[in-house]
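Got some structures for you, see below.
Two complexes come next, and they have one chain in common, subunit A, joined by subunit B in the first and subunit C in the second.
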Partner chain A sequence: MRESWRRIRAVAENTFLEAVRQKVFAVLLVFALVLLGGANYFAEFSFQEQFKFLKDLGYATISLTGLLVGLLGAAQLIPAEIERRTILTALCRPLRRWEFVVGKYLGLVALLAVMLAIMGAVFWAVLRWKEAQLIGLEGGEAGVVQAIQAESRDPRLWQAFALMGAKLFVVCGLAVFFSTLATSTTFVVAMTLLVYLIGHLQSVAREQWLESGEKAAWFIQLFLAAVALLVPDFNLYSLIDEIVAGNVVPWRATLEVLAYSVAYVAVLLAAAACLFEERDL
Partner chain B sequence: MSAAVWTQSLRKEFTLGWGRGRVLAVEGLDLEIKRGEVFGLLGPNGSGKSTAMKMILGLLRPTAGRAEVCGNLAGTLAARKQIGFLPENPYFPAFLSGLELVRYYGKLCGLGGKALEGRVAELLSLVRLGGEAGRRPLRTYSKGMLQRAGLAGALVSDPEIVMLDEPTAGVDPAGSREIRDLIRELKERGKTVIFSSHLLEQVEDVADRVVILHRGQKLREGRLEDLLTMSGEWQVRARGLGEAQRRELHAWLVQHGAEVLGEGSPRERLEDYFLRNLPERERR
Partner chain C sequence: MSRVVALALAGGLILGWGIGKLPWEIRMTKEQRLATVGFPGPTAVAVREKLGQGLVLAALGGFRGLAANALMLQAHGAWEEKQWVRVRSALELATLLQPRVALFWDLASWHLAWNAAVAAERYEGLESETRRRIEARKWVEAGRELLERGTRAVPEKALLFQRLGDLYWQRLSDYQAAAVCYRAALTKGDVPPYLERFVGYALDKAGDKKAALAYFQELRRTMGENPDPARQPEVVEREMQRLTKELRTSPNGKRP
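Up next is the complex of A and B:
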């Protein structure tokens, strides 16, 4: 058990190191940080609107960057290692295949977590900066200060942040899953994106499937059922939009979505490990 | 004690997919490699040497047959713990340095801490990648350096069996002699060495026993001595014979009923000549 964990950690660390030494990720991060900082210069509206704008742009930036990191990272996963044949020198060691898969996933997740943490910290700083600016502009009336701080120090933002992390970790899980089947990096990126997009329509497919009854042709039913059962429901994460829009989302719902994410990733990784076990290298 | 590697009727068929048929890479391969032996897998390109090795490692699943390593089913953790492997044309994660590479492989073998660091340093100096060279990214290495880094990686867990797929391909004569010396040294330390090659003259120097593969099947097998010794012939090399004595010797041979197949000054092998003419410090 200890040894197993040590090997998983070695794979994860190596994956993380590889990503860090590639300039793409640094460039992406810089780009995201510039966007986050630049968002502060739009100051034409009322302060509520300014915060709304900041949050919209901030979450869009962070989630897009995270998606790109997940996809690019996935491309560096198993298929690239097979293409470059570096996988042979790793898997001929006393390392179980599932340990390799889990290690790869954890390495990717660590990369994403670090990038999210940096972007989150910068986003937080930008909100505080806006707060200071606005208080300076609007004067120090207690009511106004309170209203501004309610926006800039809204604890629900962390809730949204956690949900976004969970969503991206599921995307990484998908990428790892496809990479155990694929031989090319393009396939992994394309399939992951496809499932990501379909995932947003999943709930529609599910309703259609449940309501279609006898009416629809069998193959349509089959297709809808497959989508409903296999594809993760990315609509669950629309709670993020609710929060950004200023609506109250109970923690209970948030935790349910987080639990769903963990379970989904676990199933994905288990399936990936099984498929990878039988594969010729 | 069980053999180092044992296979029975090993067979591998690759399915190409999309109905393009199949390739038979290895068929009916029986091997028994004893512990402490230097074993050569020979054969032309595409004869199934790499495929056989990968099956012994569990990187490929045999279509039929069975392979065991020190009594453990091939591909299990217990089996893989016994083997250090250097693949052909090894591609390593180019972003690592030689030092990090060997350390990474050590960690994958479950090593860690001070013991690992000591082992890594020792191995790097063994393959002459100590110091500055070991800290450079692999991307900047020459082919021979990469091969040596790979060797260090294969040896990191001090395995009982060292399996090298074409270790001398693309390496210059000095480097290839070094690798052969290393193989001998491993043998002296009681390790089993299995290597493949199609550079036959290099195999001669080190292998105890060889198998010759052809189109996935075993063509010949045996001790090199038995295979190569031409017991019906006799050869003498001498120094200091003058022209007259040479003619006399020839006449004596003919007189005694021998058929003279060849005589004259022997030629050195180009490889030996090359090595002899390198500056002293590079010869090693």
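Up next is the complex of A and C:
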């Protein structure tokens, strides 16, 4: 087990370092940081609205950048290794194929985690910057200062951040799964993006399937069932919108969605390992 | 392990998990809806009825907030140009995209019931004052209708009930309805302390001085012996004295 972990870690470290050296991720990060900084310039509204705009834009920027990193990173993982034939050098060592898959995933997740941490830190700094700006503008009345600080230092933002990270880790899991099936990077990107988009409709399809009874044609039912069974429900993560709206979201609900994400990733990696085990390289 | 077995195993895993996750997803969705919207989940009929809206909401996925903000900015731009129909359509869409954001309902109703209505009242293109008033009333009604929907979408917050009360008071002069809204706001946890006096003010303004006095007396009683200064007991006592005095001169308690 320890040996296995050592090998997984080696693959993960290698994947992480390889990804860090790629300019595309640095460009994405700079793009995200500029957007995050620019999010501070909504000044014509009340402070609650300014914070709402800032948080929405901040989360959307981090989410979009994370999605692109996940997609591009995963696309580079296995198909590119096969194309370059570097995978043969890796697998001729005492390294099991499932260890390779898990290592690749963990490397990608590490890259994503580092980028999320950097973007999160900048986002936090922008929130504090906005706080200082607004306190200067609105005056130092205790009630107003307290209300502004409640917006900028809202501890629920951590909940939203954890949910966003979990959603992106599931997207990475999907991308790794498709990369064990695919021969081209375009296929991995297209399929993952497609599932990501359909995932936001999954709950609608599921409810329609379960409640449509015999009224819907069989092929429609089959399609709805396939979406409900095979696609993750990304609407579960819309708790983020609730948090940004300033509504209370219980930690229990957040933790349950996090557990769902962990379980989903585990299943995806297990299936990916099965597929990769017998794949011709 | 052959290729077929590997494929079957992977497929079985995904499908098995798909079947297993279904009840979990259904329960989580219901619980999330119960916690955030106040009902456990739509029926089949409701799903069909709301499918169009649901698809829009779902399709935008993680970027729904961004789209709603863009619409709010669009509404702001249209407001600066006094294009009220554009303001209304952008606001309606923004509240549709993020119905749980109380701020959107608040801003939207303010634009319609105050800004658009006042602009209609002052519109020089219509010579007849009656016509202008009818136009203005339409905008006020649009704002009221938005706020009514807002209170149903975010029932746990005091803000929209307070704003609805303000609208009834300031734009429709319906003080009894305003008192009802302020009372509803008081049942929420995040009500500002000054609002508890507004029920009494609204009842007084509606001409029901007896009810206003009874309300202020009850309010003072609930404050206890050592009231929180933020609740301003002296203001309540002053109102009680004023109303008592006025009721002495007009004992039926109704405004002449």
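Everything below uses one rule, namely that the second predicted complex is superposed on the first by the 281 of 281 C-alpha atoms of A that agree within 3 Å, B and C clash if a C-alpha of one lies under 4 Å from a C-alpha of the other, contacts with A are read in each partner's own complex, and residues count from 1 in each chain.
We adopt the following convention: a contact is a pair of C-beta atoms (placed from the backbone, for glycine too) under 8 Å apart; a residue touches a chain by one contact, two chains touch by 3 or more.
Keep in mind that what you see is a predicted model, and the values were worked out from it rather than measured.
When the two structures are aligned on the shared chain, A:Thr86 is found in touch with subunit B, with no touch to subunit C.
In the superposed pair of complexes, A:Glu278 makes contact with subunit B and with subunit C alike. In the superposed three-chain model, the partner touching more residues of subunit A is C, compared with the other of subunit B and subunit C. Of the two partner chains, neither subunit B nor subunit C is touched by A:Gln133. Of the two partner chains, subunit B is the only one that A:Val11 touches; subunit C does not reach it. In the superposition on chain A, contact of A:Gln221 is made with neither subunit B nor subunit C.
In the superposition on chain A, contact of A:Glu211 is made with subunit C only, not with subunit B. By the touch criterion defined above, A:Leu95 reaches subunit B but does not reach subunit C.
Touch criterion not met for A:Ser184: it reaches neither subunit B nor subunit C.
On subunit A, the patch touched by subunit B and the patch touched by subunit C overlap at residues 278. Residues 14, 54, 57, 59-61, 77, 80-81, 83, 85, 87, 89-93, 95-96, 100, 104-105, 107-110, 112, 150, 153, 157 of subunit B touch subunit A in their complex. Listed in rising order, the residues of subunit C touching subunit A in the complex are 1-3, 5-7, 9-11, 13-15, 17-19, 21-22, 24-26, 28-29, 31-32, 35-36, 41-44, 47-48, 51, 54-55, 58-66, 68-69, 72-73, 76, 98, 100-103, 107, 154, 156. For subunit A in complex with subunit B, the residues that touch the partner chain are 3, 6-7, 9-11, 14, 17-18, 21-22, 84-86, 88-96, 278, 280-281.
Chain contact summary for the complex, subunit A toward subunit C: residues 42, 44-46, 48-49, 52-53, 55-57, 59-60, 63-64, 164, 167, 196-197, 199-204, 206-208, 210-213, 228-230, 233-242, 244-247, 249-250, 253, 256-257, 260, 263-264, 267, 270-272, 274-275, 277-278.
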